[in-house]
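Each remark here refers to the structure printed beneath this line.
Labels A, B, C and D are assigned to the chains in the order they are written; within every chain, residues are numbered from 1.
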Amino acid sequence: MTKQLNIGLIGAGRIGRLHGEHLAQRLPEANLLAVSDIFVEAAQRAAVDFGIPAAYQDHRRILDDPAIEAVVICSSTDTHARMIIESAEAGKHIFCEKPIHLDLAEIDRALGAVKEAGVKLQVGFNRRFDPNFKRAQEVVASGQIGEPHLLRITSRDPEPPPIAYIEVSGGIFLDMTIHDFDMARFLIGDEVEEIYATGGVMVDPAIGEAGDIDTALITLRYRNGVIGSIDNSRKAVYGYDQRVEVFGSEGVVIVGNDKPNTAVVSDSTGVHGALPLFFFVERYTESYLAEMRAFIAAVQEDRTPAVTGLDGRIPVVMGYAAKKSFDERRPVQLSEIED
Amino acid sequence: MTKQLNIGLIGAGRIGRLHGEHLAQRLPEANLLAVSDIFVEAAQRAAVDFGIPAAYQDHRRILDDPAIEAVVICSSTDTHARMIIESAEAGKHIFCEKPIHLDLAEIDRALGAVKEAGVKLQVGFNRRFDPNFKRAQEVVASGQIGEPHLLRITSRDPEPPPIAYIEVSGGIFLDMTIHDFDMARFLIGDEVEEIYATGGVMVDPAIGEAGDIDTALITLRYRNGVIGSIDNSRKAVYGYDQRVEVFGSEGVVIVGNDKPNTAVVSDSTGVHGALPLFFFVERYTESYLAEMRAFIAAVQEDRTPAVTGLDGRIPVVMGYAAKKSFDERRPVQLSEIED
Amino acid sequence: MTKQLNIGLIGAGRIGRLHGEHLAQRLPEANLLAVSDIFVEAAQRAAVDFGIPAAYQDHRRILDDPAIEAVVICSSTDTHARMIIESAEAGKHIFCEKPIHLDLAEIDRALGAVKEAGVKLQVGFNRRFDPNFKRAQEVVASGQIGEPHLLRITSRDPEPPPIAYIEVSGGIFLDMTIHDFDMARFLIGDEVEEIYATGGVMVDPAIGEAGDIDTALITLRYRNGVIGSIDNSRKAVYGYDQRVEVFGSEGVVIVGNDKPNTAVVSDSTGVHGALPLFFFVERYTESYLAEMRAFIAAVQEDRTPAVTGLDGRIPVVMGYAAKKSFDERRPVQLSEIED
Amino acid sequence: MTKQLNIGLIGAGRIGRLHGEHLAQRLPEANLLAVSDIFVEAAQRAAVDFGIPAAYQDHRRILDDPAIEAVVICSSTDTHARMIIESAEAGKHIFCEKPIHLDLAEIDRALGAVKEAGVKLQVGFNRRFDPNFKRAQEVVASGQIGEPHLLRITSRDPEPPPIAYIEVSGGIFLDMTIHDFDMARFLIGDEVEEIYATGGVMVDPAIGEAGDIDTALITLRYRNGVIGSIDNSRKAVYGYDQRVEVFGSEGVVIVGNDKPNTAVVSDSTGVHGALPLFFFVERYTESYLAEMRAFIAAVQEDRTPAVTGLDGRIPVVMGYAAKKSFDERRPVQLSEIED
């Protein structure tokens, strides 16, 4: 076995605990040495639950520890860019949850620091590691369906987040669609040039009052001519709905939802199967493990991570393009955002 | 049994023969007395094949026959409006293949003649009678999925028509998407206000040279706020791909393709099932029968036909809006077309 | 077009009317000249409904008509053998509903008469013509799944017949399983040597009081070593359940039920699809048409029918073996029945 | 968190390593203190790989350790009963892989020792914890499908074990069908009274030369009248095939295979999906975790384990009944085995 990678975890909220449990208990290639959280009780709780040797309030304690080779950044979104810069300056390899930041200049500063320090950075677009989407990407990349022509992504949450969260989320395109923007790039392997976004408030008027929408339909036009469509809803009563379809000159690949079991009951009223796995924790468990395995391997084998800093930046640009398109009710070039 | 309806068939091309066979052999409520075609051999051939008593070159012979109560118009598209007017003036009830005409003024003249004559007109949007789409519409209308939020239509042909046909077709939006525009209205039960269309030439450069595109993605915004998406391709190598999905506040209904058999073979390379039924004749056989049954019943029972003249007109308006949107690369209001 | 085959229909009960409608309205290669039924009103009703020129009480009127080339026998089961003999002696080709008779000596007499007269006889095992089972048979015969090892047939009715019918039916093995015995021979293309049958009264005690069982599980051992299993129930509340599976050295083929539509609704309680088509009339419509087409073609082209007299006889032997096995609670050789 | 249960692992072969990894890394409620194997290198290898503090050749070292509260027995089958007796005498709670022993008298001695010592014993019928089968059992137990009438189990391995293994396996009924016998009891919740087994050598003549068969079909008759059927093959080229179906008065529940992904590719040759997960390690991972969680909880909460010693004994009786039935070509009562 290769030597374990010594890791520090920054942030012990929901996603931090998820990564913490995986690093401590399910990834033998990782050695989780410490966890920090500005709410020190959260760090201590995680340390006890997952058997992590050290718990701090100040993430600097992690960055200052020479034994720690890499950090996993799960702090609040607005701190990601700063944490990346500090970690890079401390010479640590970095796994950072998405998005890097909602301000492109901040993202660029962070990516600059990473480049300068020569450390590795992987951004947490975990869905790329989902066995279903991964298989779809492989089918497309293999040429099995020929040249891709059309892309369809359905991405619906089982329930909206609290309004307080909505208010600081940056809006549906930067908070929710951002994952689908990454998926759109991943599946087609090319860049989007133009975005047209429409949508409305259909789930909860309070979301509208918070200045956001809850239902959206986004059209993508790629440089290579592919056209794509993403639909989002904050509330699918039947559970987390995560499907994609790529149609090409030689065929189509479609991936559907995962279910907790395959049982099908037929009775006098119909044929009934299980609902999809409830939400991202259930659906994407394997992908969270796989992305972390990939990050550790990239560090250990000195390879470019599977999801780079640029992969973290572009979906933010796409989010702004979608927002501008929705506001101005017209298709928007991604190049307009960069200006 | 109610008295049979005496019918004359105008046009004995592919779709004319299909209706002719149904009227002569599979619809006991119909009495097909005559068939006409400007290529009189086609009329004669149909008469022999399906046992139709009379075959004419001139459709006037049908209109002049007082025994004939209703006509089924399957002549070339450019003659539909004129045939409707003549048939209405002759006091015949009318079933007319879509589209009525590609010129809105002509359509309005035809609908005016129908109104004046007080005859019934049903337009041949047969897909409404397909058991799958019909069931989807029933589910939506019943409220089972709550308020509709999103609509997705996938509509792909197995192979493009000849270039000669493409050249006179009016373009993909008026020739192919027109069926999906009807489906979009049928499923949601409300009117579309705005259309945004994008697409390209991906299947065959010759289609582009003929001034058309072969792949399209159309976004619909309804008066009631629903947003919808239609994707089209002139060539799906795996066969006719006709699926719809309506997502609402209380659930989702999805309908898929029909297949020639349910056999699934698993071998060492994978799990393999049959391709969808090849094209519209195979997939929509039942719907062609059902629409004709509905037309005959509407005449016999003096009811409004299931697909009215207005239902024939609106998808043409939508086709023009899609064309204008594609040409001008911006969302277009349907009201812009009417001006 | 080949000359139409002139046909007379003997028996105008449920299955007679079904064949009558097909012959009169959906099979242009057939010319249905007359119908007979000992209840002459039934014959007259069918004649009016389907436009059959002549209706008789006495089937001899059909046999005596020199214009009639073939008969379709749908009279009551106990008269089948006699009708076959009379029809053969009259020189008519014969399509006969199954079973030929429940007495093997009677069957042999009928088959002898057919042979002597040199006419064609097809027995109405229509399921062989079902697109699903036909495809399964083709897959097996093509060698795609290698050497067959195991067969599974599930065959369950949506509801039991009236007790009065049960009492004269010959019992579940000769009335219901007989179709599955034919399917078992058809799919494997080899003969069964030994049968073990078990079962019980689970659906309705009245069926037990009538001396029959309503639920059965039958094990088959073929000459070539294949082993098979058939399960039957007189009542599946979810509808007609007709599935088969053949497992072999290189794979497995599984066919499932047909459904009225492909609509799937997901709501907060689960994922819901349509029930199977209700019963044999709905499920096997196409197969009834196809078997009749095959019979007419066999006569017109002077070929051996797809389901021969022997194919009609062997399932009866199997039915007796199953009955004996159930009664004696031991596996029974088919050769024991012949002695 | 409840106090962790201190566990010793006896046997570090394939299944021992699987449990060892789970106990050491994925079950925080377990504290795996030691591993033993008569091949001490295997124990040492496992200790290094999974971070187990102690590795011994002699399992007595584990039984003598007062800190260890429970043992997990994964040694060779012929030693299970002895290990159970020694462990019970040492006052350890016991999880033991199936089968307990192939000699009923040995099983009874082991169960007697367990009873006398008052320790808990859970037998490793892990499939009961598979989410699919568990759901099927819940559906049946809930009454959702009414009274059960028929049971069908399909259980096929992707490839046969080595001939050397076959020779000492006790034969297909005691080695392979034994799992299905447990499943048959679990799903119906009642006892089998009579078994009829048939089968043959279809996969590999060497299996026949070793005195065993490789393909089997077993009929079960339960005390409560339910009839069931199990089919087995040692080689399904398409992978591990593990399906069950329970049919009852109010409906049917069917569970199918799990697949590595939901991707479906349609191209010009057909519609293609992934094969089932390859074999038991892939398919039943979750069930191995779940059964161990259940065992630990049963000990911690002083409850009867989910799979008792009797549940370990009865499938062995059923295996002998199947063997006797196959040898004597007749249905065999389970009571015949006990005499």
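The rule is short, and it goes like this: a contact is a pair of C-beta atoms (placed from the backbone, for glycine too) under 8 Å apart; a residue touches a chain by one contact, two chains touch by 3 or more.
Everything numeric in this text was worked out from a predicted model, so none of it was measured.
Each chain's centre was taken as the mean of its CA atoms, and the one lying most distant from chain C is A.
With centres set at the average Cα position, the gap from chain B to chain D is 58 Å. Put simply, the C-alpha centre of chain C and that of chain D have 43 angstrom between them. Chain B and chain C have CA centres that are 39 Å apart. Listed for chain A are residues 237-238, 250-252, 266-268, 274, each touching two or more other chains. Judged by the touch criterion defined above, the protein chains are all mutually in contact, each touching every other. Interface of chain D with chain C (complex): residues 146-147, 149-150, 152, 154, 156, 196, 198-200, 202-203, 215-217, 219, 221, 225, 227-229, 231, 233, 235-238, 241, 247, 249-252, 329-331.
Those residues of chain B whose C-beta lies close enough to touch chain C in the complex are 1, 25-26, 28, 49, 131-132, 134-136, 139, 144-145, 250-258, 260-268, 274.
Residue ranges of chain C in contact with chain A, taken from their complex: 237-239, 266-268, 270-275.
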